[in-house]
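Listed after this line are the structures, all set down as structure tokens.
Look for chain A in each of the two complexes below; its partner is chain B in the first and chain C in the second.
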Partner chain A sequence: MLRRSLLVTLTAALALLLPSYARGEKIKVGFPIILSGGGALFGEPAMKGAQMYVEEINAAGGVLGRPIELIVRDTKGNADEAVRVARELILKDNVDFLVGTVTSAEGPAVSVVAKENKIVFIAPIPKTDQLTAPEKLHPYVFRVAANTTVEGRSAAEVVAKWNVKQIATIGPDYAYGQDVTRAFVSWIKKLKPGVEIVDQEWPKLGEADYTPFINAMMGKKPDAVFSCLWGGFFVTFAKQAKPLGLFEAVKLNVIAVGEAGSPETAKTMGSDYPFGIWGNSYDAFYWHPSPAHRDYAERLSKYLKDPYPSSWAIQGYTGMQFLVEAIKKAGSTDSEKVAKALLGLTIDTPIGRQTLREKDHQADRGQLYGKMTLDPAIGFAVMKPPTYIDPSRFMD
Partner chain B sequence: MAARRRLARVPWGLLVAVAALFVPAIGSRFYTFVATDIAIMALFAVSLNLLLGYGGLVSFGHAAYFGIGAYACGILMKVHAVPFSVALPAAGLLAAVFAALFGFFCVRLTKIYFAMLTLAFAQIVWAVSFKWNSVTGGEQGMSDVPYPDLSGLAWVPGLAGYRTSDHFYVLTVGLVAACLWILRRVVRSPFGRLLTTIRENPERTEFIGVDVRRHELLAFIIAGLFAGIAGGLFGIFNRGVFPDFAYWPKSSDVLIMTILGGMGSFYGPAIGALILIILNQEITSYTEYWPFVLGILLITLLFLFPGGVVGALGGLVRRLERMRRA
Partner chain C sequence: MPDLSFLLAQSLSGLTAAMFLFLIASGLSLIFGVLRVLNFAHGSFYMLGAYLAFQFVLWGGMGPGRFWWAVLGAALTIAIVGGLVERLLLRHLYGKDELYQLLFTYGLVLIASDAAKKAWGTQQLSLSRPPGLTGSSRVFGTMLPHYNLFILLLGPTIALGLWLLLNRTRAGRVIRAAALDREMLGALGVNVSWLYTGVFMLGSFLGGLGGALVTPVRAIVPGMDVEIIVEAFIVVVIGGLGSFWGTFLGAVIYGQVLAFGILIVPAFSIFSVFALMAVVLIVRPWGLLGQPLGT
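Take a look at the complex of A and B:
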């Protein structure tokens, strides 16, 4: 008994004394990402996408003749855990670069660590405008995800083509929901000055019962609805809105951003999906813009052993791709040189040509939008047709 | 017995604090990083133990004061550019004020009701920090809290070659040592003894004319004050303040540290903080199933060593003595 308690203490003490110091030939990339809890739905596939890219690059001889090692750590979706893990990756594992984080809290938090340690950090998923806002921007932070401005404005571009006048919005009451909704509202008013926002509902993040919000919204008689309830929240919302007749009341004039059109969400809902509404997604295995994307989707399907591979994998994949191309261009793994190489870098990704803009370190990343239609062959809704909305003309 | 008494006479706390000052001299930034984390969490855990171990009051919401301190210090330093020497005491004071407010209601209840009410107040603090976007930054928190200006420390011989994070570490060790010294004075004072008496038998203490609630409230305020200081330091160390600081898992973390180290001794919770942080550090680099490991650890501990690691070590020392005498 007593010996065991000593053992615990000794093991703990020893563990502290024996960190791995060796800095080998490998290029080490730290990948802090959510792997537990609800956020793992996005974190896990993004990590797999990065891993697939790394394995492919290493099989082809690596970069600058050196293999890449991906060191993955779970952030548990907490900003302070993400900071801890990121610093540990830098201080203990001696990583050369950081790619990762999911939430809008984690991204800016890790960005501070990257700035202080002068380590390039590429964010594949966080959307908050704050990450690359002028007062927070620094030479080492980059984003390959779409941001809230792009997402809100893209949705407005779609809705502007509809014959609707009175729009209601619903979104989770925290930074992401507020920012996307604000971007949507201001852009639709600019595109179609006659449009009126008749109602704005703000359920709390994680709300389980949307019925009162739906009833309040229907009371205002909108003819279109904008939603930015993401992931599982959209699933709950749609299941509750269907029996209340929300979708019929607005004649399916609903646009659901927050990746409500992703194959993952559509597959989860199956025949419960409100067919006929519009959704968005980062990627879709059934979208075929080019032979390169078809090839990527096939490789991913094999890698994940899933006939309907995830749409989030592309974010980890392009994040790593940008990093590797920048290392090649810089001819060095020095973060300062790589950061410079990333500025204005244009690369060919599976989803097409992408550029990291020099002025705000933001990729010109748009998303796919489309009318969600049941595909009887696979048994769930697909965007038909999936249309990539290029944001370059309305990013600023 | 003689050996124990001799051991007890060594000023262990002071020795450890002085030794801790030399951690940055090893030269690894990682060691300094871990040591800073441990020092701050040690203070947080010892402050909880004033309630838990000495007062017998189980608080499930100690993170509230940690969070209030962190936000107060962070907002003062980042938004209002208040110097650290003012911001940190202010953070502690604000936490103490809230502890007085919440404690006023909490000490009116006992046992599980007390615990639930502390949790309820902590959840309110969390909800406010999560929602109040304009002040706390909401869910995204407030990143980039500045380091205090410690250029003055560069004049101290031996510290010139240190980095900012090392300077902050030295400051942290100094402050934590001072806070622990005060807390130790508190538990050894007549007030501290009375607190222990209340823990053992509140009714009888009441009968001998002691105002139990007032003593408990005072303990609650002192614990909140030092938790607030720990929070203020942690916000700077963590390079940002987030609503998670006041969320219930933080309260349970510090509760686990206290129980793991042993709530029967003054430094037990600090040892608990040391062990938990190092184990977490090491185990999460191999597996994402840290909660699973932690669960097993806790079960083992609660069944085999209810006195925590320090309690078990104390038992070991006693047994060795008996063997020597035999």
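Take a look at the complex of A and C:
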């Protein structure tokens, strides 16, 4: 008996010794994300970014004096599985909020679950316009990722400054690829009416051999190329296109969105990267817009034990940051109140000021664009210089 | 109307895609032909072959010749892994319902993908072309990368080598006999059990070799296992499961239909291939050069 009370005392003393560590009932946040298969490339670092933010917040006393608990579940990149784990998180784990999903199939599917259960859902990565389109929008869904309209139009803003007339496009044949290509094509035609789309290639998502597509594209003699092949698909495409002479044939007038300019992709490819083309990215460790960002990049580098920390972590980070700031503003963890607090909420993130627009629950999130140039010091391509394209002036 | 040189180049690009597919699908077809096991994990062997080649290059460096040792090392390692899988696990399922074999090999897919994630993480990886094959030559007015040329030559060479092995050697005769009548072969004094292991190792070797050889032209990513197995299945379904030349023909047709299909209906790149597979399944359910089961 004595021993047990001693144990209790010791535990209590220990708890008191952790000075600012938050006490009180945990705020549970469900984090359904891809951790297996091709999409894990984005899911894993986004999860790490969210985890880092949660650890920092908890160490600083939590929110409303309560610590946050992140409950991560693998969606396996499958919309049905994402719906299943989202339901499980709500019903079994009793999470208060959902932050997560990666693909344009998962996002809208989980959004429906959030609507049914009246639980705030913040999507950090899915880009499809469908997620926040007027007919799909509901009070509980929000997005901190750039959407396909923003990404396509940003790319068009870049290409409009080039002296090109005949553009070819290549993109994976599913919602994201089609949506972002359509946004790019319609915007470039608006900015530069003389431009002609001479060819459109639609390899299936997951295509491993782009040679026939590249050859078919070169047969149409474009003078510029728009690509939205992401992750490993861009790597494969570029490795196959380079010796076929595609990049030279269009004089490096290539814009590769889908984060083909991310440090991760550049590092993977090393000297095989098609230097001189334009790429985009959510973030870059070598981008220094502010002391806050420099500080964030250093913390992330330590947290991930990587001198070139991920550009995807910021998406999980800002997703959680918006949620926490909204909880603070609402002074409550009630989804109804937090959802209201998120409307039009402006916060200072490591990449600068971000606002969740009241009209469509979409963050005014732009991306970095730049010409990919070899940095001999680190042995891979960086954007020189990285330019953040603020989309607010061309968002609908 | 596109000019002739363009059509030739397009055909050549389809052929390159076909040779990679043949390398991978031939192992799948061989294992099915002899063991009557549809090895769903063949794509995983392909993926692990790629990761291992990457790992060996990482350890050994990219000096002259190193890449080829890495490729060989990766393929041999996969052959050994395949041998262990057959010897220790798969053999207990022979004679059982095919569903068990399918579930077992599918289980292997999940294990392999998790193991690869643990060992190499989720970020895409990439290798450069090996020294000596980095350039390109102008053929028919378009560029033909030397590595593609190498694959174009390697595909038929391996096909011929396998054909000679199966048709001109004693081992090949025994393997073919095992495909026809396993019991009779056992009664004649051949150790069928080890023969199966050998064939499974050879099939796995081909899968691992295919994976190792694609590393200079493809990214190494989680999920590449499932992507390739679907394509390999289409190839063997078109050509005929278990038929050696059928697999070759299936791969060539796949490549050509893809290359010219995208010129005709660019919006549906994979449509033409699936349409072809559907037609083959209706007209010749056992594939172009395959034989109906049970005859």
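Note that the second predicted complex is superposed on the first by the 372 of 396 C-alpha atoms of A that agree within 3 Å, B and C clash if a C-alpha of one lies under 4 Å from a C-alpha of the other, contacts with A are read in each partner's own complex, and residues count from 1 in each chain.
Assume a contact is a pair of C-beta atoms (placed from the backbone, for glycine too) under 8 Å apart; a residue touches a chain by one contact, two chains touch by 3 or more.
Remember, it's a predicted structure, so these values are computed and weren't measured experimentally.
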Chain B versus chain C as contact partner of A:V113, first or second or both or neither: first
Touched partner set for A:Y296, first chain B, second chain C, both or neither: neither
Which of chain B and chain C A:S36 touches, first, second, both or neither: both
Which of chain B and chain C A:W278 touches, first, second, both or neither: neither
First, second, both or neither for A:F226, with chain B first and chain C second: neither
Partner chain(s) touched by A:R87 [first = chain B, second = chain C, both, neither]: first
Contacts of A:D74 with chain B and chain C, given as first, second, both or neither: first
Touched partner set for A:F121, first chain B, second chain C, both or neither: neither
Chain B versus chain C as contact partner of A:T265, first or second or both or neither: second
Intersection of the chain A residues that touch chain B with those that touch chain C: 35-36, 173
Residues of chain C touching chain A in the complex: 2, 6, 9-10, 13-14, 16-17, 20, 113-114, 117, 121-126, 128-129, 134-136, 142-143, 145-148, 214, 216-224, 226-228, 231, 255, 258-259, 262-263, 266-270
Residues of chain A touching chain C in the complex: 35-41, 43-44, 77, 173, 199-204, 206-209, 211-216, 218-219, 231-233, 235-236, 239-240, 243-245, 264-265, 268-272
Partner chain B, residues of chain A touching it in the complex: 1-2, 4-6, 8-9, 12-13, 15-16, 19, 35-36, 73-74, 78-81, 83-85, 87-88, 91-93, 103-105, 108-109, 111-113, 116, 128, 130, 136, 173-175, 178, 205
Of all residues in chain B, those that touch chain A in their complex: 28-31, 33-34, 37, 130-131, 133, 138-141, 143-144, 238-240, 242, 244-245, 274-275, 278-279, 281-282, 284-285, 288, 297, 300, 304-305, 309, 312-313, 315-316, 319
